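We call the chains A, B, C, D, E, F, G, H, I, J, K and L, going by the order they appear; numbering starts again at 1 in every chain.
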Amino acid sequence: MNILLINGPNLNLLGTREPEIYGNKTLIDIENELCKIAKEKKTNLECFQSNHEGEIVDKIQESIKDIQGILINAGAFTHTSISIRDALIGSEIPFVELHISNIFSREDFRKKSFLTDKAIGIISGFGLSSYSLSLYGIIEYLKTKE
Amino acid sequence: MNILLINGPNLNLLGTREPEIYGNKTLIDIENELCKIAKEKKTNLECFQSNHEGEIVDKIQESIKDIQGILINAGAFTHTSISIRDALIGSEIPFVELHISNIFSREDFRKKSFLTDKAIGIISGFGLSSYSLSLYGIIEYLKTKE
Amino acid sequence: MNILLINGPNLNLLGTREPEIYGNKTLIDIENELCKIAKEKKTNLECFQSNHEGEIVDKIQESIKDIQGILINAGAFTHTSISIRDALIGSEIPFVELHISNIFSREDFRKKSFLTDKAIGIISGFGLSSYSLSLYGIIEYLKTKE
Amino acid sequence: MNILLINGPNLNLLGTREPEIYGNKTLIDIENELCKIAKEKKTNLECFQSNHEGEIVDKIQESIKDIQGILINAGAFTHTSISIRDALIGSEIPFVELHISNIFSREDFRKKSFLTDKAIGIISGFGLSSYSLSLYGIIEYLKTKE
Amino acid sequence: MNILLINGPNLNLLGTREPEIYGNKTLIDIENELCKIAKEKKTNLECFQSNHEGEIVDKIQESIKDIQGILINAGAFTHTSISIRDALIGSEIPFVELHISNIFSREDFRKKSFLTDKAIGIISGFGLSSYSLSLYGIIEYLKTKE
Amino acid sequence: MNILLINGPNLNLLGTREPEIYGNKTLIDIENELCKIAKEKKTNLECFQSNHEGEIVDKIQESIKDIQGILINAGAFTHTSISIRDALIGSEIPFVELHISNIFSREDFRKKSFLTDKAIGIISGFGLSSYSLSLYGIIEYLKTKE
Amino acid sequence: MNILLINGPNLNLLGTREPEIYGNKTLIDIENELCKIAKEKKTNLECFQSNHEGEIVDKIQESIKDIQGILINAGAFTHTSISIRDALIGSEIPFVELHISNIFSREDFRKKSFLTDKAIGIISGFGLSSYSLSLYGIIEYLKTKE
Amino acid sequence: MNILLINGPNLNLLGTREPEIYGNKTLIDIENELCKIAKEKKTNLECFQSNHEGEIVDKIQESIKDIQGILINAGAFTHTSISIRDALIGSEIPFVELHISNIFSREDFRKKSFLTDKAIGIISGFGLSSYSLSLYGIIEYLKTKE
Amino acid sequence: MNILLINGPNLNLLGTREPEIYGNKTLIDIENELCKIAKEKKTNLECFQSNHEGEIVDKIQESIKDIQGILINAGAFTHTSISIRDALIGSEIPFVELHISNIFSREDFRKKSFLTDKAIGIISGFGLSSYSLSLYGIIEYLKTKE
Amino acid sequence: MNILLINGPNLNLLGTREPEIYGNKTLIDIENELCKIAKEKKTNLECFQSNHEGEIVDKIQESIKDIQGILINAGAFTHTSISIRDALIGSEIPFVELHISNIFSREDFRKKSFLTDKAIGIISGFGLSSYSLSLYGIIEYLKTKE
Amino acid sequence: MNILLINGPNLNLLGTREPEIYGNKTLIDIENELCKIAKEKKTNLECFQSNHEGEIVDKIQESIKDIQGILINAGAFTHTSISIRDALIGSEIPFVELHISNIFSREDFRKKSFLTDKAIGIISGFGLSSYSLSLYGIIEYLKTKE
Amino acid sequence: MNILLINGPNLNLLGTREPEIYGNKTLIDIENELCKIAKEKKTNLECFQSNHEGEIVDKIQESIKDIQGILINAGAFTHTSISIRDALIGSEIPFVELHISNIFSREDFRKKSFLTDKAIGIISGFGLSSYSLSLYGIIEYLKTKE
């Protein structure tokens, strides 16, 4: 079972900015931890980050053959990219939408998501734990579909 | 560590209606499974269900002394009850908002939640797994606050 | 054939307040007249009234086994209760939404109903005759489904 | 007592198109059945159908002297014709607004009606039974006004 | 100088319905009075009324050659007919929009007019005097354009 | 019969700015012409202009005893002054709202008027003729009230 | 003169939670103080609190015979309960709507009240003094109606 | 293969008004050219124009038996006629919605179309070429359905 | 303790117009009564009325040194004057917003207030008693701040 | 005559995904067919596809010198990219907006296009034929401009 | 070259209130500094402040002959005064709209400006530097127009 | 002091397109002029332009260490890019939002900016002078922060 973790714009700075909010873990730390959890669950996890909408679309298209589930923290693209939505729908790969912070208690424009209604599930607000909860969630989901 | 699980209106029928959507597990089955997980995590889980908004408010008020975290699937009250919102805020107990289905891909009026912006996190759409993911999430959260 | 008539909040005062608008018939008078009509149509009619949203939800849940059709004048809950909506949908019992007055010529907030799009039919504005018309309507409907 | 039944655009095709939805009865069948019911109730029923808004306005104006009640299924004109609304108000004849289907569970633009707030009552969603229920309703109404 | 007066739906009933609001003058009385005023001003006035939107469009199209100004009380069509708007614009004949009552103190849907922004002027609320004021207005307007 | 003409802000510049739009007549020219018409109609016309909302309110209050009708071109205050609206209503003097240009074909914020629904009539778009038409209109109106 | 004070959901916790905002007085303290004031004013004050919408509706219905005025701090129900609105209107008892905090400087959804337009007066934002001001207000009101 | 071309209100004036915008071709010129193209494509084209909404509805109803495809430039009715929409849906004949000008760069009210979501395709803005493109489009469409 | 009472436009006419609504007391009567109450409470009350927004702003600015609390019935300026809002905020003097009538049961535009969210409290609908209740309220408030 | 065909994000997958909807033709097949048609019409067609908004902007900028017309199926960027809109306007090259599916019968957010009001024409809903119809349309357009 | 600086309501208090936000400079200090800059740029600067909308309108009207450019910080009037807008447009004097604070990060009602779309430029948020930047801006602008 | 100037999509074409609007200066000309001004002010200016949202985000992230202030003309991205907003906020570098034209007098969708509420200041509408005014503004701002 291959799972792809996609992180959108500005998430490459995790752990280096505003540590009082986001903690000291860098994106690489998080990815490493998730890989360990994945291994325990006998799952393969691939990690990808980009600030470029087009690169995320390309990546999703390339995943059609090998990936069974996607975890996506699309960051700002959550609220603006129909293109990523279309790529995800077109790929027919089940995906989980995740957010570190609770997007519903921030600016109004963060309440609209182009991904939500097509996601198998949404996890928002658990800090960095949102990543591991999402991983548990997609694995659970894929098991019921086997 | 004491955690309270609150299920709102109509969730007492889980497992007896529309099994093709909600599966065959009854609410009691789910509660039992969650209690086991809680035990493993050395946590105490109390379960409560009501179709009456007022009873849920009463329950939250009574929990102020003994409960450290709340998991709430408020069902229809999610979208209509400011009273439960106020009780939760007043109690100052951290809570997770959870939904079995993806509320963002249903009727428009289910997209507005009176709980979301005050929840520590939201989990929606993972079927019955939303319950266990929420439990993991609140435990994780409470550990970081110790 | 068993039919359930549900009257929501404040309808227990029918006939005792504002007789110039609602006439002198009490709710019991109305219920008695409807029972007679039901009998003529070889139908059994059960009557229920409550000012408590939770009790109406409980009642609908209890009706799942024995009731084939519901007549509901949900009063104020028409416009605020997703919980009753969910109970009605969950019960899979066909129902008629009825109103004594024409809800479309009153305050704006009475124009939104959480029941309407799921009702088999709506009857509004015929005064107390709305009750008997609804009874005829549901019987007619149930006959075509036999 | 003279009652006028008005059917608006496209209702002349009843029974010839989409029989799985609208049944096999033609508009003439329906009109004949209603005339029988009217007769039993010692009422005279006149029937009129037009695809032309102007003709319906003309008809209402001509009815001022002889007609005591109107049943109107204005079809698409329900949502667009202020002209028919004005004719009905101007005529001072009480009228019932009726719809075969439940207009509240169709396209959004069918939820606005230019007739509703001036109708004595609304009946929607009972299939062809909406016609007979309307007839009962207007007769009941006219009796209380005598 | 030829001027055309167009009256829309239900205005043929002027003077016969609701005399306490609209007075006892029939449409013919009004038309006759206006013709007199027109004559004094050395203007020719033609009068036309229809309950049919299509007939009003036809009439406007036929007026292109002979008519220099139009007075239109489009009644209910004011708020619904883009077709009459297009005919008036297409004809390139200057027109005055007039209303007997003050349309801004009635139902909300009467506040939107499809004619207003293309009219040379609007007169509303002066009772039957709206007709003569409109006639004075268009004559004044046409004089300044000579 | 005493009539008061009120002109609001910036109308004191009439005839001195943008003559291609507003013509060469100054406000004083217009006032003089209107006085002549008033005299012919055996009416007394008083004229008042101010750029200050408060002064217009003061003026209306002072008019309560002596004035039977008001013509008001409130200019920009039409769209912003509830205070003038209240003064007019409080005075119980019938008034005509007038505009030189067609306010419905200009910026959106000019479409809302705080005076319209309380005016006996509205005249808009006839250029400087709007003044004389308004005078005719109010005189006609006051005659019918005698 | 009998007056009823109704406190809605979560107000039973006054004085025990967030004392820095709401002070140290419990609901019972407040009720006792008000009773003293009432006594001085030769008025009888009855006090009632519930977290259950249905119980508040029941209470209002029961008050129809004996109560001449109601003070209601409906808490969260202010913004969601049409049922309480209907009970108050149906009871024909004059009532004052009161709030401890200024509801207009809180969340947007607290700005809509289903009670406001039917209240004889509104008092909001004076802290616990809102209660005594309301009592003075209703007594004053009832005196003028005697 | 029989195709019907419907032109709505005011399109009968094509070629006679505003030639700088619409060119010098009359509606008859256009219809003739389209008939030639149809012939080449071994298709029969029938042409119909009316300023009357009701006549267009009648025409569509009469076409049910013989017509396989409809090209409709409904003009102003595009934005106001639910009646034509219902006739087209009821007829089950596939249709193309066409416009000479780009309706999306004109007045706001021209952006709403009651036909668009039911059309097989939309062509807007190509001047008179919109007609021939629509004809090619419907023929192409009907071929794929054979 | 010095308190300033500000009355906005048209309130100078109190007692002289519409006595059936506002009673026979003039503004001076009310001011005198309030001064008496103030004296009893050992408070100094200054009274000010103006129909001019600018004068009210000037007055508030001049009060910064000597005034500890403001009672303001801004009348129509409540809904339109950001300038008065800014003056009040800038002055840092606590103020009570008061209205004689219940502004929430009047025209829609009276529901928006530019003062409300900055007032320490709002009192609306108690007739002339709104003035004395406001005075009690501000004195109570200032006492708790001492 | 040089024409540029631009395809936006996810359109590179045409023919490989969801063949039941989009058919078996790949984007290259379509491009080849269009090139043939172009050749017959003595036109040169260049084809370009990208998932990257920036690359499409770059491409449009580079086309300013050599391209006389653009066909653009901007896919998801239709609804989100003001940047492509600005590039097209800046280039002053006439363009046709095309869509394979009928964007007006899909999700609401697909109804807003940032290109539509600046396109010379729009073609939507004809399946893959939308491409050839667009090509015919732009050639026809360019001929009339020669 | 004569330039006029207009400051609206409450700006006369600059430097005396809330120095932590607005600094210690009074309006006179600012005006003096600007005059120096103007002098260096060989420009004459006149300064004007008023809390009265009408006085600002009067001032703009009087400036028509002598002033070539206006700098206006209209304060609260920015959002409410169509009257000042009309005076500025009528004067045909180019003007810069300036704000000390960033009006886009304050209350929602401060985001609407009646001046913005007619200003040659807007400067907002630079603290007191907004004044000097505006002066540079208007001088630069007037130079390009010479 | 290092300042970064960012120009968004299509601004690389400045001076080559529509010279009547934007003048003949190319982006390089502008950048050179700004560098000179910067030098005089003893500031270092770096210039960057891209049509790619992702590249602008990358650039901002890279600037965190060395840059003290940013001038950004984000062009079309102003209205669509939450990603650039997040990068700017995350960088904690103060920035000025600038526009050549007055964005408030163009299309409605240009009135919403995702940058405005976080900018230290906004400058819009001064043509190419917007660049130099922004530079003066940020330098002034940075000086006050030293």
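One rule holds for everything that comes next: a contact is a pair of C-beta atoms (placed from the backbone, for glycine too) under 8 Å apart; a residue touches a chain by one contact, two chains touch by 3 or more.
Values in this document were obtained by computation on a predicted structure and should not be read as measured data.
The chains that touch chain D as well as chain H are E. Equivalent interface to D-H within the set F-K, E-F or K-L: F-K (over half of contact pairs identical by residue number).
We define each chain's centre as the mean of its Cα atoms; on that basis chain B and chain K are separated by 56 Å. Chain centres here are Cα means. That of chain F falls 49 Å from that of chain H. Put simply, the C-alpha centre of chain G and that of chain H have 64 angstrom between them. Taken residue by residue, chain D touches two or more other chains at 52-55, 80, whereas all remaining positions touch fewer. Here the touching chains pair up as A-B, A-J, A-L, B-C, B-G, C-D, C-G, D-E, D-H, E-F, E-H, F-I, F-K, G-I, H-J, I-K, J-L, K-L. Residues of chain A touching chain L in their complex: 8-10, 12-13, 17-18, 50-55, 75-77, 79-80, 109-110. Every residue of chain C that touches chain D in the complex is listed here, in rising order: 102, 104-105, 113, 116-127, 129-130, 132-133, 136-137, 140-141, 144. Residues 52-55, 57-58, 61, 64, 80-83, 85-87, 90, 92, 114 of chain K touch chain F in their complex.
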